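Chain lettering (A, B and C) follows the sequence in which the chains are written, and residue indices restart at 1 in each chain.
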Amino acid sequence: MPVIEVKELTKVFKVPKKEPGLGGAVKGLFHPQYQNKVAVDGIHFKLEAGEIVGYIGVNGAGKSTTIKMLTGVLMPTGGSIQVLGRDPHRQRVDNARDIGVVFGQRTQLWWDLALIESLNLIARIYNVHPVKYRLMLNQFTETLELDELLNVPVRNMSLGQKMRSELAAALIHEPKVVYLDEPTIGLDLIVKERIRDFIKAECVSKGMTVMLTTHDLGDIEELCRRVIIIDDGRIIYDGPIDTIKKRFGKYREITFDTVENVNGLNLPDGAEMLPSADHKVQIRFDRTRSTASRVASSVMNQIEVSDFSLSEPNLGDIVKQIYNGALERETQ
Amino acid sequence: MMTRYLNLYWLFLIQRLKVLMEYRASFILGASSTIVWQASSIAAVWVVMQKVPSLNGWNYDEVLLVYGLVTLSKSINHMFADNLWTLGRVYIRSGGFDRFLVRPIDPLFHLLADRFCQDGVGNFLVGAALVVKSTYALDIVWTMPKLAMLVVGVLSGGFIFIALNLITCVAAFWIVDSVPVTRLVFDNHLFAQYPLTIYPRAINILLTWVIPYGFASFYPASYLLNREIGNIAWFGPFVAAILLFIGYRLWQLGLKYYSGTGT
Amino acid sequence: MIQTARRNLSAYTAIFAMIPKLFMAYQIWFWIGLVLNIISMAILVFFWRAIYAETASISGLALDQTLRYILLAFIFMPLTSSDLVWEFGSNLREGMMIHHLLRPINFQGMNYAQSLGTLVTRLALQIPMVFVAVLLFGLRFPTDPATWGAFLVSALLGYTVMFFFYWFLACLTFYTTEIWGLGVLIEGMNFFLSGSLVPLVMMPEVVRNVVLAIPFAQALGVPVSLLTGITPLSQAPQVWLTQVLWIIGMWILSSLFFKVAVRKITVQGG
């Protein structure tokens, strides 16, 4: 039986229509006009026990609305959700006992309390058995290197320290399902690496089912075998990360600033010109068939270049390309 | 269930006190600032009643008893339910309210337990001192019913304060900043600092049946002073219960609305 | 010289003009505040009426004279309040104090202009309460222009006393982070000591002497006593002189304290 099962899930928000000016504001007060905004539009998916799934999309795609519905905070407009066989909104309290949540940008700890005191409180809120709690605390102290943090109030922690503490707080009651909403946002590479290692070790070893939302493709690549990509409230991809990696991971883009406008260029095999602005030339190349230096030297031999930069594909681009049928083309 | 929540509350309280001890100066200033405000009003009453020893048939100590009872009731609300005021500004606007909803305890309990308010201690001390001082000066004979009334009056008064704040603070789910609404109702308790007989009928009705702060001070005080009207004070617990019921229903409605919209 | 003065002046007016806009941002609070004020005013009025039910005169004041004092004191309450403590506190917390001190404009002068702007706005916002007092509680304003003149001079002088006094208190924020508590504490004392609740003449001798030995009453109790005729007009010059002496004293004291306090940020960094 799947741990999370989502069917036809829809969320529609009523947003008040604001009319300009004072007159509009007064009118809005007496006859509020609403328009519907579909945040999540009939999505389906299933997560099996122990799966770690990346749930990605650009800002406003419907990610956090989905997470809020899965955690029971929001009530769906339509469709159904089953988490461990329960409806998370109707059975909110029962559901809450079995889930752990990290909202990356908001703390669930008490700002002024030392970490250990926050953890004590949380353990009591979740009714964790004292012996069990000791055990977990010792374990986290080691794996998350919390020993020097336990007596520090959250307000005095760095971003990375805060995130380690958040993870401990979210997992201290050994939830069966974990939602991690942007757990690495704003962290530097080394800290990100540590957090990912911890998630991997902790969740995999305990067989937790994890749903991870992120902007960071690195998180997904390291942690997940499966990704779900959501855009404009709809799922546009649900499948193995490998397909995405193969299709998009092998591409790089180089952007050249040029002195004059350029129409045609001779490019090496595996490189193609993308539509770009005036005085810019954007070229995408396949790393398996060409190299950055080959592309760059070829371009520079043909035209005068004032500057250039190399970039990895980002999530927005991938989404755009999926829309343009990139994945279908690949499978054909 | 009940014991679990009581235990939890105790834990929250201990943690909060630890924090307050960290900010000791702020704790003391907060508590004493409420004392100073009350002292100002009481000083005015004292000055005036030196000259004229009767306020509509109530002597200085009787007035202090009324004042002390409402202050005690207010302090219960101030210490244990002050966080209601911040529901919109602190929790809903920032999205921090979601944290309550992903935890396996009642969100209203969580909200209340999250912050014990130290400033209320000042009110408690002022109220207690006034009640002790005035009942001692008035030679009140503490029969069982009177002792019971003291407890019933203060507690139901406290719950009336809490319930009225709950009813108005729930507006935060719809309009986010509910503080103006709450303040509008809350400030009517100032009427109840003096015997209601000094006001016109309309205000008496308002303070008895609409915004019934009268049950926090005037009626129990009347009872303690053997005034006939004081018998109404026994309705206090019912009034408090009804208001709490309304408040909690509205809270549930608010939660429902919140889970429909989020923020 | 004249140019600098003009530049200063326009800077002051700019600051002055900005204040009302800030207030309008809080429109609901305007209406709510109105209702809250009506409640407080009603309590005072009914309290005094009940007191006077037993007697025709207290310390030589009849009911309508006392009510007139209480209502006018209520309306002119803004004379005794100031945001200086909070202003200093937030400037210090955000590290802005040093910027203000570096500006080519006298810091105290700038604050005085700003305070006057706030005062005028706050008084303007009391206009609805004037209607409430007149229509609901039967306030009648004095009609004698000389009384008004004496009051206005005394009010401005008294306000200036309080400005320097608050300046003195605001310097405490250099030493403590408990600004909020400090501010509320001062306001609480001000509530009684300014004479807003009880006319000064009714206070027992000892209390009155204490109240007159500290500055709070200078901005409210003293001028409103003039306005209501409780202090006879003939004593106005004497009142003004006392207030001028207060100003000089508070000015010296607050400037000295400020000089000492400012060293804290110039030495330790703000």
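Assume a contact is a pair of C-beta atoms (placed from the backbone, for glycine too) under 8 Å apart; a residue touches a chain by one contact, two chains touch by 3 or more.
What you are looking at is a predicted structure, and each value in this text was computed from that prediction instead of being measured.
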Specify the chain with the shortest distance from its C-alpha centroid to the centroid of every protein C-alpha atom present.
-> B
Label of the chain whose CA centroid is most distant from the centroid of subunit C | A
Averaging C-alpha coordinates per chain, one finds the centres of subunit A and subunit B separated by a number of Å equal to 45
Averaged-CA centre spacing for the pair subunit C and subunit A, given as whole angstrom | 55
Distance from subunit C to subunit B - Cα centre to Cα centre, in angstrom = 31
Touching subunit B in the complex: which residues of subunit A?
-> 13-14, 65, 68, 71-75, 89, 92-94, 96-97, 99, 101, 103, 106, 108, 110, 112-113, 117, 120-121, 124-127
Once bound in the complex, which stretches of subunit C touch subunit B?
-> 28-29, 32, 35-36, 39-40, 42-43, 46-47, 49-55, 58-59, 176, 178, 181-182, 184-185, 187-189, 191-193, 197-198, 202-204, 207
If you look only at subunit B, which of its residues touch subunit A in the complex?
-> 4, 7-8, 11-12, 15, 18-19, 22, 94-96, 98-99, 101-105, 114, 256, 259-262
Would you mind writing out the residues of subunit B in touch with subunit C in their complex?
-> 25-26, 29-30, 32-34, 36-37, 39-41, 43-44, 47-52, 54-56, 180, 183-184, 187-188, 190-191, 193-194, 197-200, 203
